[in-house]
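Letters A, B, C, D, E, F, G, H, I, J, K and L mark the chains as written, and numbering starts fresh at 1 in each.
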Amino acid sequence: MPTRISLIQGPNLNLLGSREPDFYGREAFDEVNRKIKQRAQELGLEVRILQSNHEGEIVDAIQDARNWADAIIINPAALTHYSYAVRDALTAVRLPAIEVHLSNVHAREEFRRHSVVSPVVVGQIVGFGSLGYLLALEAAQKVVDTSHK
Amino acid sequence: MPTRISLIQGPNLNLLGSREPDFYGREAFDEVNRKIKQRAQELGLEVRILQSNHEGEIVDAIQDARNWADAIIINPAALTHYSYAVRDALTAVRLPAIEVHLSNVHAREEFRRHSVVSPVVVGQIVGFGSLGYLLALEAAQKVVDTSHK
Amino acid sequence: MPTRISLIQGPNLNLLGSREPDFYGREAFDEVNRKIKQRAQELGLEVRILQSNHEGEIVDAIQDARNWADAIIINPAALTHYSYAVRDALTAVRLPAIEVHLSNVHAREEFRRHSVVSPVVVGQIVGFGSLGYLLALEAAQKVVDTSHK
Amino acid sequence: MPTRISLIQGPNLNLLGSREPDFYGREAFDEVNRKIKQRAQELGLEVRILQSNHEGEIVDAIQDARNWADAIIINPAALTHYSYAVRDALTAVRLPAIEVHLSNVHAREEFRRHSVVSPVVVGQIVGFGSLGYLLALEAAQKVVDTSHK
Amino acid sequence: MPTRISLIQGPNLNLLGSREPDFYGREAFDEVNRKIKQRAQELGLEVRILQSNHEGEIVDAIQDARNWADAIIINPAALTHYSYAVRDALTAVRLPAIEVHLSNVHAREEFRRHSVVSPVVVGQIVGFGSLGYLLALEAAQKVVDTSHK
Amino acid sequence: MPTRISLIQGPNLNLLGSREPDFYGREAFDEVNRKIKQRAQELGLEVRILQSNHEGEIVDAIQDARNWADAIIINPAALTHYSYAVRDALTAVRLPAIEVHLSNVHAREEFRRHSVVSPVVVGQIVGFGSLGYLLALEAAQKVVDTSHK
Amino acid sequence: MPTRISLIQGPNLNLLGSREPDFYGREAFDEVNRKIKQRAQELGLEVRILQSNHEGEIVDAIQDARNWADAIIINPAALTHYSYAVRDALTAVRLPAIEVHLSNVHAREEFRRHSVVSPVVVGQIVGFGSLGYLLALEAAQKVVDTSHK
Amino acid sequence: MPTRISLIQGPNLNLLGSREPDFYGREAFDEVNRKIKQRAQELGLEVRILQSNHEGEIVDAIQDARNWADAIIINPAALTHYSYAVRDALTAVRLPAIEVHLSNVHAREEFRRHSVVSPVVVGQIVGFGSLGYLLALEAAQKVVDTSHK
Amino acid sequence: MPTRISLIQGPNLNLLGSREPDFYGREAFDEVNRKIKQRAQELGLEVRILQSNHEGEIVDAIQDARNWADAIIINPAALTHYSYAVRDALTAVRLPAIEVHLSNVHAREEFRRHSVVSPVVVGQIVGFGSLGYLLALEAAQKVVDTSHK
Amino acid sequence: MPTRISLIQGPNLNLLGSREPDFYGREAFDEVNRKIKQRAQELGLEVRILQSNHEGEIVDAIQDARNWADAIIINPAALTHYSYAVRDALTAVRLPAIEVHLSNVHAREEFRRHSVVSPVVVGQIVGFGSLGYLLALEAAQKVVDTSHK
Amino acid sequence: MPTRISLIQGPNLNLLGSREPDFYGREAFDEVNRKIKQRAQELGLEVRILQSNHEGEIVDAIQDARNWADAIIINPAALTHYSYAVRDALTAVRLPAIEVHLSNVHAREEFRRHSVVSPVVVGQIVGFGSLGYLLALEAAQKVVDTSHK
Amino acid sequence: MPTRISLIQGPNLNLLGSREPDFYGREAFDEVNRKIKQRAQELGLEVRILQSNHEGEIVDAIQDARNWADAIIINPAALTHYSYAVRDALTAVRLPAIEVHLSNVHAREEFRRHSVVSPVVVGQIVGFGSLGYLLALEAAQKVVDTSHK
């Protein structure tokens, strides 16, 4: 059975391509998702993608992952900086999770340097644009494989 | 007419029983709610229970309590630490409210020690697991009785 | 074609009139909205009004404004103090936005003095009750006119 | 053998009834103690009550509890905010302890929000006046029963 | 008798037009004052305008307003951030005051986000260039009218 | 009946004369007390003096003042900086209190600049050595006289 | 030759009597100055009184004191909290200085608790209204006498 | 010509395998370097690896990279948290750099959450053990390719 | 005449042996005191040992040391972190003092890293269990010998 | 035409020579100004010198420099630490400015280490007494020459 | 086989005797080392001494200790306050380590009170000059003996 | 004998000319050193120049200066912000030292505003590019001359 990944994207990421291209690149949201699915296929992974502007839906999605996924890849976007609800959900479901940010959050406003989510995930991939999701798929596979041994 | 209590539970509390049992105990969410209803009945209270992972639904529920309840018992879970929207709702409806936390939030991560809700409620019951809700029912009854005198 | 304004109101503002009248005044929510529409008409503006207790709906509304409005007037209410999601949405849509607060947030609790939204809007109008929305309409018109030159 | 509770009250609590009735209520100290004893009797608990204005006597009393009590209920009053000696005593005796405050300390001066004792007790009951002690008796009984299983 | 407004402008505002036009616009100081007077006339207000680089003269002007004005409109400029003398003067004269800033102080250096004056005025209008004064005239009229009822 | 003053001195003040004479002067403790009594007599005041190294005894003394004194003069010495128990006692007894420090605490270590007691007393006299007690007697007389009118 | 005192009063103190009487009392400025002069005469002191809303004039006055006065009594009012210029002037003239505040600054806004002047004066008299100036005259006499020995 | 990568490892990383295996894994340093070289070969990259316990040698190595490498992969280890010299070197050489940490630094001591290097690199890969270096190779290739377009 | 040492132990140290053995070791309080006396005898020192849970008694004991001891060895236990009364007593008696802590306070809770006493003692010996007292005896002898030369 | 320099000195610098000679040296104010003029002459510079204790006059002088000077040399003295009015004036006139301090402000009180002016000047010369002004003349000449190229 | 100790001394300690004798004493570096060796011999310990001004060499020396020593005694000197590289090395080698400081770092500049090394060593000996090394030898012997049991 | 100056330059300064020319100018490192030597010759000074990326070598160089130089000119570059080892070396050698920075560190990142070295040098020259070294030579000569008087 293939490793299954729940890939969750937070508020405003649906605007990718039109939003601050200096930080987020010019690739459109759909194009990024298409690439994610393609790479997943190449790696033999099954991936489900969700984007929402609603914190509650993100929490629901993390909880739902318990019933299906082996690992979570999450870009909490703005929620990174204050959503202890997302953090608690990640802790509660006890799945390995990987935090991705498209832009280098450490080279922007001070508040973006603080993530309430980082202490409860396996690791972070930050600053590589949409490539970050692809690397995260590879990392997730490795993390799941290792923990299954 | 019996005193009516709106009991509101925040994000991830639906996972009770499976989530971090060292902090939250092993009782399942449904079992806890059953106990709450039973104790309410013993005390001659009417209780309505809501759980949501969505801050907006919690705010809506607090607002709705104006039209029905005499008091609110709330465990805002992760929202405790940042949701000024929940705080403002509690202030706006002008019902006595009691804040409950299952685990002793002061013996965990530093951020859990700060509640934005505490200054606008009547009091807190913290650290006694599901017993906290039962004690809160008793306290709510007393608070409503006193304010009706 | 008239200038079009999306006017967005955050959590608990629907309780206007009954909520802490010392801070927010005694005018009811509907009355305020009626006044806004009347003044918009006088100024030759088209205005759409949304109120929500759900952060996600506010983010959605800001994103939707891209397809219709020339400017945004927003009273983020409690979200002012923590919702980087609202902030990011305002940045992403690249429309001029004006932040309004009914009460003088600088004369209340310390936490109300900090707005995560202020750095990404054009300006703020604070402390004048519902008059603030009317002044904001006038300012929005001016801002749109200027940027169209 | 009945569960035995050592109930310890800190500085100035002897003035109850005459001291700032808006915060502490109008019940006199002796009346509160009488109620505590009555409720203890109803619950089948044995309770010893001590009040002192001397930190050293409070520390001594906590240490003495080792030889007699199954649990401690403590309202450290002003000592809450700086007495690491009280904290260390509570840790040293390894009895379950419950922290009670009569007023909602989170709705008063900033310094009252910080308790050096909270991280080493089982839980807190805050803001319910003398009812807090009665709820604490019930909680203590439950805590002792649970730990004896 | 028309409502009378004392409009006070702080240090360096006399350089308007030549000073950092990105923040303060290209309109000259005299042009702005002319517009203020014209709008005052339209609104049936009487307005006196003072600009000074001297904190002491600003304090004097606020004190003098007691004897003449119904309200104060003040742009304290750099004094905003440290002049408790200006703050105390505003409190002492017990006239409604409105704080105006030409640029969005929240989108500039950190220190500009803190105003020692804001807690003692009615409200703020920030970021709309010279339009801010015109909106403030309208707001002042409303505030005076309301308080006279 | 003469105005009655309870004059309370905190830890280590009994060493006056031998202790750090640069800060505290060379007058011995007994000499200072003698001067206090003499000035009290001149002013027609009755004064009782207590010194203790025990916080609990200071709290007891403040409580006892309720039954005898019209005002309290207190030099809490080191307790100034952390004893919320002393602060609470002063608030609880509702007598006017005056805080005295022999040395200028603002010209010494940083921690001496913060007094937890200052917000609950009438005023402070700081830095004038034993003269401070004598000025405080005069001030206490005036404060009692004024409040009796 | 009598001891000569330069008594300097900062911004807004000229409004005494009309300004916030809860904090500053109802006595008018002139009445306070008359009392000061009378008490000075009783004590055999020569006193010159200056009040200014201008920091620069206060600095000038402190500098001028070098040529005439034996000691300075200063109520820097709002300048207390930020005027390092006043502080440096006090240090530069090397005269003993006494800081007076009419209200208990420690029982008001947080910013009033910090004085940049306190570390360079002999002592403070705080919270006793106009009596503070009279006590300061007595203290100044003593300080000058002592330093002349 | 193949893309050339300078891979630099900071203090104590030579102890890999024996050092705190819970954080850093059980793979030996040489084994990790072997894997890096193998993956580089697979990706058609040329890689040079340096480890040093000396900050100065790390700075030298970064400077040398100017003359040879297309990109830098750096795990500054403990230097991450204070070496502005390493940061300045990375800025000075104007090569794209990628920061790697083996353990999830956000789940350990507080000081490990702050990196002085992060603001001047392209991105970070954190928490995936030696896999992090392999992912970084892939990312570096992509970054170099993109910037060459 | 032998060098005389006053060895003072703060709150809860009497529980040694039963209290948190991971931090404080398993040796009983009496056993530790016996070892101290034995080593003192070996070194030709006279030692008096006091333990108290009362801050006031510790202050008294430090003051009494003036009349007998050549040096003080003090383990202030919890008082380390807030007792400026103990600090002032140590300064006042002008005897060389050595601060001892049984556990490594820097490897425990953050608050234990701050000692208000450290700046006024000669030195600290921290983390070596009861051996710390023995080393302190040797150090005290040396310090006294040196200062007598 | 010679390069023209406006040299501005802040509060209390007129007391040079008599004021704290350990920090400021023993040279009198007039002597320093004489040296400045002489060096200016040697360098072929025209210099105008102003000293004022009034912040407003300093701001005026900076503004006036626009009409005459090529560069500003300023020792803001105490204003360094809080006068955003001086800072804004320096920014507004867009002349190169050099900040001079006679004493090493980093080796004195903590507050002297923070300059609100430093971020808007070209550079600082600190700690060399009156020589600092002479070096600043040389630097100013160089800065003006460079910017004219 | 004798217990083997690696004694490591940080930057500038080679200047002992000539450097700030008030803090560090007048004994020369060589003399101190001679005493260390003599006491080691008396205690039956083997000791190797290293001093370096290079952080990298100190890290190397700590790593080398793995192959030879039973314990480390380290005076990291200035590195104490920032060298996480030294800290990580101490953790990595898993040898018991003792931190020594010659002067009482808590009685000097504020920055000297913070040690990044303290949390990972067994204990500290601070303020006793060169005697500290001798006491540390004794402590090291005890620590090694205890851990070998 | 000519005054001898040891001029020490910290990490990355060897890249001058190619590194961030907006901050550091376009002059090459060798050119700057040539100018330094030329100006030294003009002033009759002997100068030795060292640049190193290794903190340890900088500390060694400062120590070596004792045996040759009359003064030190140091640009610690990145070490400015954390190297207490450099600071201690400067204090230990007791030579007058002058701190130079090429760019205006106060107009860049916040961390560059804090120098751990500034409190122990004579003064700073900041922001004038390579001219700063030349001015420092002049200042050093003056400082040495003055201290030799």
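One rule holds in what follows: contacts are C-beta pairs under 8 Å (C-beta built on N, C-alpha and C of every residue); 3 or more make two chains touch, one makes a residue touch a chain.
Everything numeric here is computed off the predicted structure, so don't read it as measured data.
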**Study point:** Equivalent interface to C-E, taken from B-D, D-F or F-I so that over half of the residue contact pairs match
**Key:** B-D
Review point. Considering F-I alongside B-D, which chain pair is linked by more C-beta pairs in contact?
Key: B-D
Revision key, fill the gap. Chain centres from averaged Cα atoms put subunit D and subunit I apart, in whole Å, by 32
Review point. Rounded to the nearest whole Å, what is the centre-to-centre distance of subunit C and subunit I, using the mean of the C-alpha atoms as each centre?
Key: 63
Revision key, fill the gap. Between subunit C and subunit H, the Cα-mean centres are separated in Å by 47
Exercise for review: Could you tell me which residues belong to subunit H and also touch two or more other chains?
Suggested key: 54-57, 82
Point to revise | Contact pairs between chains, per stated definition | key: A-B, A-C, A-H, B-C, B-D, C-E, D-F, D-I, E-G, E-J, F-G, F-I, G-J, H-K, H-L, I-K, J-L, K-L
Point to revise | subunit E - residues contacting subunit J, complex | key: 10-12, 14-15, 18-20, 52-57, 77-79, 81-82, 111
Point to revise | subunit H partner contacts - residues on subunit K that touch it in the complex | key: 54-57, 59-60, 63, 82-85, 87-89, 91-93, 116
Study note, to complete from the structure: Listed in rising order, subunit J residues that touch subunit L in their complex are 104, 106-107, 113, 115, 118-128, 131-132, 135, 138-139, 142-143
